[in-house]
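After this come two complexes, each holding subunit A, first together with subunit B and then together with subunit C.
Moving on, here comes the complex of A and B:
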């Protein structure tokens, strides 16, 4: 179907599908009663009200603060740790078990426990976001170093290059696409951590806003912060994919695996 | 636009990033790493002035308690039911949509951006809304798990169908194979390792879905056990279900990883 590769056709199909979904949704809302199933129209009305009153922004800012702090610490700690783990074989073996164990654990399960132990303040939420981010960054950074072409390193060594120049010329550039992938996965996990923490810390943040409106059965208003989170997730993922292409143009996005 | 290809790439990264140790000295270091974490945790709990921080020893004792009262079993059973049915429903739907997206360009064009967007979204955010809509019963938990499981399975299945070399399908067509035969002999076998990757990623997400749904409904399940114990400041008991979830996640993930590696090895051997 060569026709389907025409960008105009592609976008027509995409938008057409979205419109179809919205129509079915609006019809379903009308059928079941709009109190129960929020209609797209009702969502837009609620969104305008939440933005106008400044409520959305007031709840969004703390979330963004917690997210960026926890994420930044996670990257600053995770990248060097991952690079070191990838470089030194014994360190890799030593840390592989615990890191994989923590990575595969449904971290969300620990959040209520962490909140009780460390308190309900912002620093606890930052810690939770950090924990969610750091393991994917470590795992991918280490994989990046371990993926470096061994022949290249051998060659560099036989020409008497120092460890420092090996890092600069070979290791860091080769690992960069993997590090960026780890960061991208980390952002997705950071959002999950922040939202679940806000569900239970129950003071501020978009997570709390969702809970508040759900408990009042105001589904249309509860879906507004959800839409903000969708935008945050898609936006950050798109930004990192762009960075990926920009910073590592030699590594074809689909070919680095 | 290249969402599906990217996720497949991530899976390929992970394939390399996590693998089971092979040699004896490697195993020794590996075990030492786990032991060190436990020791460090116990030591930290002992010297910490915060009485809410409990060590692995207290957690082990609490585990024995919760098992002997039957409490752990009761709550775990409820979580297992939600997880099993949710995984089944979500993977079947994901498989179906993934195959359609991988096979038919029109379906791919229509769905790909939305599937990628949903995959990048923290789905936990819709859990409270879904519970308001579907109630506090088993149904809403199954639906939540199914939604969490659906996306990784669909994306990886589609990537698997895409991975089939075009030469092969063209060859099959020129030898007059039917659509069904092409699926059975070429497409499904080639996509299988990817589907297993999708299931492996889905396990972790499904567990998150179950736990957060149980936090919210607060009726039963391991999630509720965590919440109710931690609210009564019974920290050791609240960590028992966390350890159970940790082990379940690790074992399912590791098991599916093995299946995947075996499949990939066989595929390379061909």
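Moving on, here comes the complex of A and C:
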């Protein structure tokens, strides 16, 4: 076994490295000029200005709305679809090809087409986020069901269980870690979908804000919404990891099964 | 009438004749072991009796009815325990009780005596990964007993345990059997285990899987395994089964 990881040492290393990066970054900004490299200090100043004027919030709210609606629909549709595909072989045969096709298609390339067909409204962007989220959720949920221990299903059969009880007692808890992983991957994809859709739609949202400031060569201000998106992604991913540990306390230790 | 009757059962897996015309009876409240080398089809036989797989020929009767699917008065204990990793000890034990319509809470209240019976008091809220192999199989046994079946089918239930734990579990099973008098069909490849536990031992041979001998075990109950093993008659029976198991075909097969 490796030596015990003292959390104080772990965090000292992490914080030390972050400080080092900030110093080098600030120095590089001074060397190359703020138009090319935004300095950390410059970003903080821009962030304060954007918050004070209410501009950040005004552009952030529509993005959050699109994100949460598209993500929620993606999960609500994707989880049951994935579970069903994992359980019923014919459904799996039928859908495996198309789903892998959609999952591997670079969705960003399709966004302009979707916008042209469906228009530039919020519902189109919600649809785009949905499309970005739903396939990773489906694929992982289906994998979770297909990964269920056959011995446990036979146990259920030997006790004369119904299909409903098999779902409740065995299939759902067994697939849960996979489902949560699919959702976590979906968060990252949702952020990409929302921002790229806003780049093209060019009406509102943080994506539009980023484009505006980039076009004015205000790199520091353009990076502020990016930082907000990063915080959003890291925050929700961390929350989901925590939820994962809480909901599946057996999964960490039960590795050898 | 016997509680379990296996009548001319045949089973093939492709080219392999797994079971060839197997006949056996298990009386009510009788403890019968099915003893044989690995690959002789003893587990296959038990799975057919349990209604998990169909026979290719012949019929299994339980309480005079042909078995076509798992039956409610019969539960199976598995060699690899098969506990639900996401459920606590009491919820694992309550599995069958819930399947029979009890709520989670009702099931927890009902399984108390069975958790006590297998000596797991104080571990009700532990998860399987926190238990040793022996304790996990205690959970498996309690789960099977908790629906109060008339018949227990046990498929090498102590085969995955270390020697010491195995003997402790045998004593536990003897004690529980004395208290409940279930009808038991117990599959094992251990001569010692079959002798310690059973009223009757059916000895099987492989290729094709078949029963070659039925041996009555004459020892009184309740039994003390340590005392039993010291008896000359125990050693005699042991020798006889050993000869049966390594019979002419086995010796031939071993030499190629």
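Observations, loosely collected:
Everything below uses one rule, namely that the second predicted complex is superposed on the first by the 248 of 257 C-alpha atoms of A that agree within 3 Å, B and C clash if a C-alpha of one lies under 4 Å from a C-alpha of the other, contacts with A are read in each partner's own complex, and residues count from 1 in each chain.
The rule is simple: contacts are C-beta pairs under 8 Å (C-beta built on N, C-alpha and C of every residue); 3 or more make two chains touch, one makes a residue touch a chain.
Bear in mind that the values here come from a model prediction, so they are computed numbers and not experimental data.
Bringing the complexes onto one copy of subunit A puts subunit B beside subunit C with no clash. Aligning the two complexes via chain A yields an angle of 90° at the C-alpha centre of subunit A, spanning the centres of subunit B and subunit C, rounded to a multiple of 10. Ranked by how many residues of subunit A each touches, subunit B and subunit C are led by B. In the superposition on chain A, A:169 makes contact with subunit C only, while subunit B stays out of contact range. Touch criterion met: A:17 reaches subunit B, while subunit C stays clear of it.
Look at A:160: by the touch rule set out above, it reaches subunit C but stays clear of subunit B.
Contacts of A:106 after superposition on the shared chain: subunit B is touched, whereas subunit C is not.
Residue contacts after overlaying the shared chain place A:123 against neither subunit B nor subunit C. Of the two partner chains placed around the shared chain by superposition, subunit B is the only one that A:199 touches, whereas subunit C remains out of contact.
Applying the stated contact rule after C-alpha superposition, one finds that A:249 touches subunit C and leaves subunit B untouched. With chain A used as the common frame, subunit B approaches subunit C to a shortest CA-CA distance of 18 Å. Across the superposed pair, subunit B and subunit C both touch subunit A at residues 253-254, 257. Interface of subunit C with subunit A (complex): residues 50-52, 69-72, 75-76, 78, 80, 82, 84-87, 95-96, 98-99, 127-130, 147.
Only residues 1, 4-5, 9-10, 13-14, 16-18, 36-37, 90, 93-98, 100-101, 103-110, 112-113, 115-117, 139-140, 142-143, 146-147, 178, 181, 185, 188, 191-192, 194-196, 199-200, 206-207, 210-211, 214-215, 217, 219, 222-223, 225-226, 229-230, 233-234, 236-237, 241, 253-254, 256-257 of subunit A touch subunit B when the two sit together in their complex. Touching subunit C in their complex are the following residues of subunit A: 151-152, 154-155, 157-162, 165, 169-170, 173-174, 176, 248-251, 253-254, 257. Across the complex, subunit A is touched by residues 2, 5-6, 8-18, 21, 25-26, 29-34, 36-37, 50, 52-53, 105-106, 109-111, 113-114, 116-118, 120-122, 124-126, 128-129, 131-133, 204, 207-208, 211-212, 215-216, 222-223, 226-227, 230-231, 233, 235, 238-239, 241-242, 245-246, 249-250, 253-254 of subunit B.
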